[in-house]
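Below you will find the structure I want to go over with you.
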Amino acid sequence: MPIIRIELLPGRTALQKARYAQEVTQLTAEILGCAQETVDVIFTEIQGEDWVHAGVPYAPPIHAQR
Amino acid sequence: MPIIRIELLPGRTALQKARYAQEVTQLTAEILGCAQETVDVIFTEIQGEDWVHAGVPYAPPIHAQR
Amino acid sequence: MPIIRIELLPGRTALQKARYAQEVTQLTAEILGCAQETVDVIFTEIQGEDWVHAGVPYAPPIHAQR
Amino acid sequence: MPIIRIELLPGRTALQKARYAQEVTQLTAEILGCAQETVDVIFTEIQGEDWVHAGVPYAPPIHAQR
Amino acid sequence: MPIIRIELLPGRTALQKARYAQEVTQLTAEILGCAQETVDVIFTEIQGEDWVHAGVPYAPPIHAQR
Amino acid sequence: MPIIRIELLPGRTALQKARYAQEVTQLTAEILGCAQETVDVIFTEIQGEDWVHAGVPYAPPIHAQR
């Protein structure tokens, strides 16, 4: 039943994400006490220009780059 | 006022989604008792390699494919 | 696989929500072409003072009420 | 600590979004009383055919266009 | 059309939130170029024990408190 | 930078959640390659009558219970 979402900047490989999801699924089953078959993990990549931390985008807007 | 979000794997046509949204809008108005003009439906497609169910991605990571 | 979320103001009964979820589940299976067993519907009620439309909360802040 | 998300249709420039995020960050610090260093702003663009208001997509499905 | 969500810890008054939402609505209309009538702002308060930053909850679990 | 959200049914203790968040934070740092100081984990508990799987709520609506 649990749904786990991860928002992150691009840059991780698909294999890194697959391994991460698998380990999070195991942890969830173990610590939260539910069957692995019921766990969903969903990744959402946010582009650096769409994620602004402390007023500054992680990546500069393309139109301002040189 | 209600906002309805649907997360799904790719593979549905735009016309399927448009018809679905229209029927969900009607249902919402009818059963939850609100004007159709106030209903928003938002689709978010999740790529198969970003959605991991029971520890297994719906689509295998590209780098692992042959 | 699809996950459907509904954000709405309070005021619907649990039975209204149960019936709505059931019909949305059927619609989803029918139009989007997936098994009913894979559909999740999640309701999130937002209090009127936490939902501000066009600059005006659906319910006035309690401290400002008389 | 606050996380602010904006869902919007495409069409704003990266510079518009950067300026918006900066002003929202300031407002958040000022009115909600927290350090600017702790504020995250995340934009999510929704394609017009994926956002259906009052039963009508903001953009018509591509397959139905001429 | 834009939907703006703010996740934050409890502790702000309803009036603070109302004022914040109003100013964000104006900013959104001004900078992103849309009518104020189409802007939704939604607050979600997260309890301190449900928000874990850098591995540490903002508030200690109740059962561990004295 | 990553934000991790867990939606789950009630029933886990605050200590279970704290331990889970801590281990997920470590995993995230290790596998996704980011500093633990930048990881946020947020829990959202969904009441059983608000989560409908395969057309059936996890908990029956209160008004229908005996």
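Here the chain labels run A, B, C, D, E and F in written order, and each chain numbers its own residues starting at 1.
Quick note on the criterion: contacts are C-beta pairs under 8 Å (C-beta built on N, C-alpha and C of every residue); 3 or more make two chains touch, one makes a residue touch a chain.
A quick note: this is a predicted structure, and the numbers were derived from the prediction, not measured.
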Hey, which one of A-D, D-E or C-F is the same interface as B-C, over half the contact pairs lining up? D-E
By mean C-alpha coordinates, which chain is most distant from subunit C? A
Centre to centre, using CA atoms, which chain is the farthest one from subunit B? E
Once you find the CA centre of subunit C and the CA centre of subunit E, what distance in Å lies between them? 19
Averaging only over C-alpha atoms, locate the centres of subunit A and subunit F and give their separation in whole Å. 15
At which residue positions does subunit E touch at least two other chains? 3, 7, 17, 40, 51, 53
Which bits of subunit E are touching subunit D when the two form their complex? 1-9, 12, 16-17, 19-20, 23-24, 27-28, 31-33, 51, 53, 58
Show me the residue ranges of subunit C that touch subunit F in the complex, using the header's touch definition. 13-15, 17-18, 21-22, 25-26, 36-45
Within the complex, subunit A is touched by subunit B residues 7, 46, 49-55, 57, 61-64
